[in-house]
Amino acid sequence: MRRAGVVALNTFREAVRDRVLYNLVFFALLMIAASVAVGQISIGIEQTVIVSLGLSAISVIGLLISIFLGVALVSKEMDKRTLYTLLAKPVRRSEFLLGKFAGLVLTLAVNTAAMAMGLLLAMLYVKHSLERSDTVVLVAVYFILLKLALIVALALLFSCFTTPLLAILFTVGLYSAGLYVQELRNLPIEVMSPPMSAFTKWLSYLLPNFENFNVMAMAAHGRVVPGALILQNTLYAVVYCTIVLTAAAAVFSRRNLK
Amino acid sequence: MPDPAIEIENLTKEYPFGFLHLKKRTSLEGLSMQVEMGDVFGFIGPNGAGKSTTIKLLMGLIFPTAGSARILGKPISDVEMHGDIGYLPEQPYFYDYLTAAEVLDYFARFHDLTAADRKDRVDRMLRKVGLETARKIQLRKYSKGMLQRVGLAQAILHDPKVVILDEPMSGLDPVGRREVRDIILELKKDGKTVMFSTHILSDAETLCDRVGVIVGGKLRGVGAPGTLVDMKTLGMEILFELTGTANVPLLSKATRTGDCYRLQVPEEELYAAIEQLRGAGAHILSVSQVKATLEEFFMNLVEADRAQGAAVEVSGQ
Amino acid sequence: MKSEKSIAWLLLLVVPLGFAGIWRLQHGIDAQRASISEERDEVLLRSPKLVKAMSLEYAPLLADIYWTRVVQYYGNKHLRGQANLDLLWPLLDITTALDPNLVIAYRFGAMFLSPAAPGGAGRPDLAVQLIQRGIQANPEYWRLYEDLGFVYYFDLKDYQKASAAFLEGSKKPNALVWMKIMAAKVAAEGESFETSLFLWKDIYDTSADPSVKKNALMHLQLLTVKEDCKQLDALADEYAKRHGKRPSRMSDLVQAGLVRGIPRDPLGFPYVFGEGGKAELNLDSPLLEKQLMFDRFKNVVP
């Protein structure tokens, strides 16, 4: 565990020294600032516009970071052979993976926190004060972070057994599919053949349901997210990440390094 | 009797390749050998002979198709044992966003060391490999030779009992090589076991207690460099001066440099040759025994392997 | 090797346990979300032109996706018995704008839009608009005229226009011969049992979609029931004329020799006489529920 922590901190340090990251976060803050301008011309729904644009920016930038850096976590270390010296230390491969995962999630947490701060400032600028109901924005940001953690885990899993390009494609594919799981469940399964409807049902539970984490509409209208949902979503992300990371560790601990 | 430092039994590695991974290429075939505690062991062979494969198998970077190995009496799958091993990969590369001091500190954190101890060791190692002045520079600006030094520093940072170095001399200038040689000798003096691979035979000859020669994935000989060489037949070399062109049949076999000639004859023909030369008025400068070098031994093996390889290729068609 | 194996074992444990947990959690989250009951906006962009502009060269593909959304939307609302089908028109509007040749979208779309609830959105006007747009894009496809006639006949009760639609369609290539007959018959008689029966039967026979087939079959059965009851009422009148009182049960008609055997509905349940002395479906017949549903919505929806 301590050794995974060492890897995590180094992963975080790598991200901090990466200029691309700052550019992305800067871009997100720029979008949030722009939303203030957009909000001003959309009379009556300033807050809605700012919150939904801001949350979208945080989500999109987070997605870019988590998919691309998530896939690079392991594949870059293998490509550059930095992994050789590391694995010659008393480190298990599973500890290495866990550390890499935790490091990037830590990076994402710091980034989203920075972006959320920007969003709150934009809201403060428009409304001159923040109310208690505005905490729902923080809940929405937290859900985005949970979603990003799950994506990092998936990217990590795919990069453990395939090329970076394919891993990116798989991750993006699974993410898109995961957005439509709800639709899958809403299909009028009565009109399908029984094996097909059973398959659809199973699939809708096996695929990660990214729609769970989407409360953007509620946040935009300042509606309260129930505490039970926060707990359930947290558990969902933790359990799903555990499954994916265990699978990644199982794959990676058998992998021959080139 | 203490356990050998490294024990390898029937280690085999096959790589699947081709469509659906149906074909197999054997990179290492039934390797069995031991490295005794405190020895400096040289692992020599041409490129692609299986040296790196063996070392990666020992370090758990790849997994054997068959066979097993133990280091310090523990199976190689035991990661905890890595605390007592130092490893320098071939052409090492490190996180280029870190400085030399940072990367060493990072690696040191995987061992149970106090912060003060860590700092002390990092400083000492940087001094040892001559990177003190470059310690605050990010590794992306390092030359190949400097990276090699960082690699060496991280391999011996934690005072390991066994040090495994994959091509430690490659990419280094003569000064760097000298320094690596000194470090290896220093490790030996401290009672460490060193196993290093190289394709530079003089390094192995001067440094090693024992060498293993590997060609085509098979071990072809293990032993002290001298004993391996003794297997070759010996000859005698005569160095002589001769002015004018006397009619000596042996001259056709000699190589000439100005008035100086060099002639190699089998041991039993030595006296006959000397008499013949004296008769022709030659002035004999020296007579010495010719030892087959490690290089010759090595070249013979490689050529034999190539011939065999060709035969296999033909029969394969 | 040891840690490698232990991870494989761990995986065997984690995957089933984990997904069992996911299953439970997802149910919890679904329940939680349902309680918040946010109406998810199914149509983000309502402008067909904008959607088409954004679809690049993939408009037909996008049309297919929108079409599945139409089916999903209709299916969901239909299954839950919800009468509010507000978004059906925008979805169909975009679908047909994206791919004007997606004939199925006009045909089924009209079938979803036209009938009164619970069968559809109760917007025959929009259905006519949709089909006319379809005819404009696919003028040679005679089935669209059939659908147009269908909407005029059943939902708008405009028999002149229905007859005109059938006649127009009968001139198109490959049109079946009955279209012309239908045109004449509807013009002469207006709504009649035979015409209705024929139209539903054609839909039943020609549709490949099971849910459409099911719907047509139900209509056929209800039509038959309606016609049966009408005839049974006539027979009851006859009985009253002969015996001076209305029959109290079906066996009265049998005894009077007016029918042979107890008359039964299409599902095999015997008809009964209700309190008003009118012939009705048996309480046990599943058709009764369907009939009541239709009657109820007819009163509610204007």
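Going by the order they are written in, the chains are A, B and C; count residues from 1 in each one.
As a convention for this text, contacts are C-beta pairs under 8 Å (C-beta built on N, C-alpha and C of every residue); 3 or more make two chains touch, one makes a residue touch a chain.
None of these values were measured; they are calculated from a predicted model.
Colleague: Find the chain most remote from chain A, comparing centres computed as mean CA coordinates.
Modeller: The most remote chain is B.
Colleague: Central chain, going by Cα centroids?
Modeller: Of the chains present, the most centrally placed is A.
Colleague: Could you work out how far the Cα centre of chain A sits from that of chain B, in whole Å?
Modeller: The mean C-alpha positions of chain A and chain B differ by 48 Å.
Colleague: How far is the middle of chain A from the middle of chain C, if each middle is the mean of its Cα atoms, in Å?
Modeller: Chain A and chain C have C-alpha centres separated by 43 Å.
Colleague: Nearest whole angstrom, what separates the Cα centre of chain B from the Cα centre of chain C?
Modeller: Chain centres of chain B and chain C, defined by C-alpha means, are spaced 83 Å apart.
Colleague: Among all residues of chain A, which ones touch two or more of the remaining chains?
Modeller: 92, 254, in rising order.
Colleague: Do you know which chain B residues sit against two or more other chains?
Modeller: Counting only residues that touch two or more other chains, chain B contributes 63, 79.
Colleague: When you check chain C against every other chain, which residues touch at least two of them?
Modeller: Expected reply: 3-4.
Colleague: Which residues, counting only chain A, touch chain B once they are in their complex?
Modeller: So the residues of chain A touching chain B come out as 3, 6, 10, 13-14, 17-18, 80-82, 84-92, 254, 256-257.
Colleague: In the complex formed with chain A, which residues of chain B make contact?
Modeller: 56, 59-63, 79-83, 85-89, 91-95, 97-98, 106-107, 109-111, 151, 154
Colleague: Once bound in the complex, which stretches of chain C touch chain A?
Modeller: Going through chain C, the ones touching chain A are 3-4, 7-8, 10-11, 14-15, 18-19, 21-23, 25-26, 28-30, 32-33, 35-36, 38, 40-41, 71-72, 75-76, 78-79, 210-211.
Colleague: Please give the residue numbers of chain A that touch chain C in the complex, ascending.
Modeller: On the chain A side, the touching residues are 92-94, 183, 185-188, 190-191, 205-206, 209, 212, 217-218, 223, 225-226, 228-229, 232-233, 235-236, 239-240, 242-243, 246-247, 249-250, 253-254.
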